[in-house]
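Chains here go by letter, A, B and C, matching the order in which they are written, and residues are numbered from 1 within each.
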């Protein structure tokens, strides 16, 4: 299975052209849109989202992960293998948490292809062909050496910020809920929110946080829009309140 | 064929994870996004939309229908078979009109699975696996008994409200157009609208109503946005004017 | 491969029903969403977008192209074969540039089908079945004669207007970049913009233009939203400044 994690959107031409590459060069392999609205041009929050959602997929999955504000510059192009999953995308920190949390990870730098390459759409022209090859079983074992990829040791293990807003207005943090204290509360936008198991445990209109279905601490309002109610955007800081 | 009728949106992680379940457990079965923007958290208008659009698909189709504000509560999980189509989703009224309009319908309650279940994403963890089984031909005939599902006898046969706004600004009602009087007009937002066969029959900028391509009475403005022009939202009341 | 170029959107029922037609009548043929947000109801700018993006696909591709404000009127329904690609859609100028730029093109008029036809959704009921036939290899060679299609000789070879705004806020023009003077600048919204090779060549926040990945001149702001910054919409005029 090939999984797309991008900021390309679905309605315009970008995701469709990437899928056309897959259908032509890895026919019969299902392609799943995981996120087409990952944090635009912001690899850091996207890295925490990717690490939380990528591991939901079984080993053998190929994840094309492209948040690429540096497209057209000399930033490297990477293949990362982590616990049996394959990630393909730019070397800008997007895979930092995937690698850091994996028991074992290997990385390769994708050589620049010999032919012409668009300046602005490496997702289609560089990363998708490589991801399709891996999905067909052509693993990069022939490729000579591990890349010296950029690491971001200063990034925390969990990010106390909003990393994603969904269309209901729920706000995901970069915090793994199972690592938070059992009775822990989260402070955000001048409010302190208690934890609940699910929406129905809190009165309508009340803000709370819960462990979402992929293990992240997520802020919500029962029957409402937390992002609007609390004024949240990607990057809004969250504090853990004991 | 598996058909998705949800309020999950397409760009975020929800629809993609549901499809991943289908691609893994019912490989080769096409999956169609019918509505990813059905009325969010509102099973009642969604029920009229589902009843109008579900019957367009041939018998044998499996429809995963999830508008589920009560996820995580004790509301039951259902399989409904109506005129050869299979519907899977929560017991909250979403299937009321499908059942009421069918010549014959059968229902089963989905037992709670033995393993862990996320509190907030039964679409992925409970309903999609059951829908995939049915799509593979594993019908629920082994399941012991019909569910005592919640019925909503107070809901009308046709709903005189707006049940869906499309991205052009056209507004679908919960009224079946073939049941309306031939020269009937619809009153909404203080306006009385005449019926037309198609957009080109009315002057640019004029509001009217017509029978849409799935049989619902739909309010539109030729070349314009009816929802904006008339201030319509899900639930706006419509009256039949003779 | 079947490629969709429409203003139908993805979340509502239109694209899903069209795909259901394809999955039933051309099973196994991949379907790609190229544009679901092509200029709504505006065949002229859409024609320049279609001509630029259609040729990226290999010969043999079937493109369903439906921007159809005249649905329900007597406008003809067309099949166009241009350089080995098949286009299916309404006769309203949408194929003008595809035909004009092709070394050779053939056209057929689709006869009105014998059965009932919805007044408002020919994409599903008329065009998709024909596109599916072609995708299955049933070419229209049996069809009697070339259509007398509407030509738009007054439309320019390149359109100095904005023809598409993507979700990043980048604005595509109807100008083919390789035909512009090497050092050419573009004037828009009272600003004169220089050309750059890629985003990283200009300072953050600065507007510029570049050749996008399908050869159109596109206006962007590095790290920003050009449509917002410059007040651009579909149809905004652009001038070539020497």
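Basically, a contact is a pair of C-beta atoms (placed from the backbone, for glycine too) under 8 Å apart; a residue touches a chain by one contact, two chains touch by 3 or more.
Owing to the predicted nature of the structure, the values given are computational and were not obtained by experimental measurement.
Trainee: More than half overlap in residue numbers between the two sides of the chain A-chain B interface, or less? Answer same or different.
Mentor: Mostly different residues.
Trainee: If I superpose the C-alpha trace of chain B onto chain C, what rotation angle comes out, expressed in steps of 5 degrees from 0 to 180?
Mentor: The C-alpha superposition of chain B onto chain C needs 120 degrees.
Trainee: Using CA atom averages as chain centres, what separation in Å is found between chain A and chain B?
Mentor: Distance between chain centres: 31 Å.
Trainee: At which residue positions does chain C touch at least two other chains?
Mentor: 9-10
Trainee: Give the list of chain B residues in touch with chain A in this complex.
Mentor: 7, 9-17, 19-20, 23-24, 27, 40-41, 69-73, 118-121, 124-125
Trainee: Any idea which chain C residues touch chain A in the complex?
Mentor: Residues of chain C touching chain A: 1, 3-4, 9-10, 30, 32-37, 53, 56-58, 164, 166-168, 197-201, 210-214, 223.
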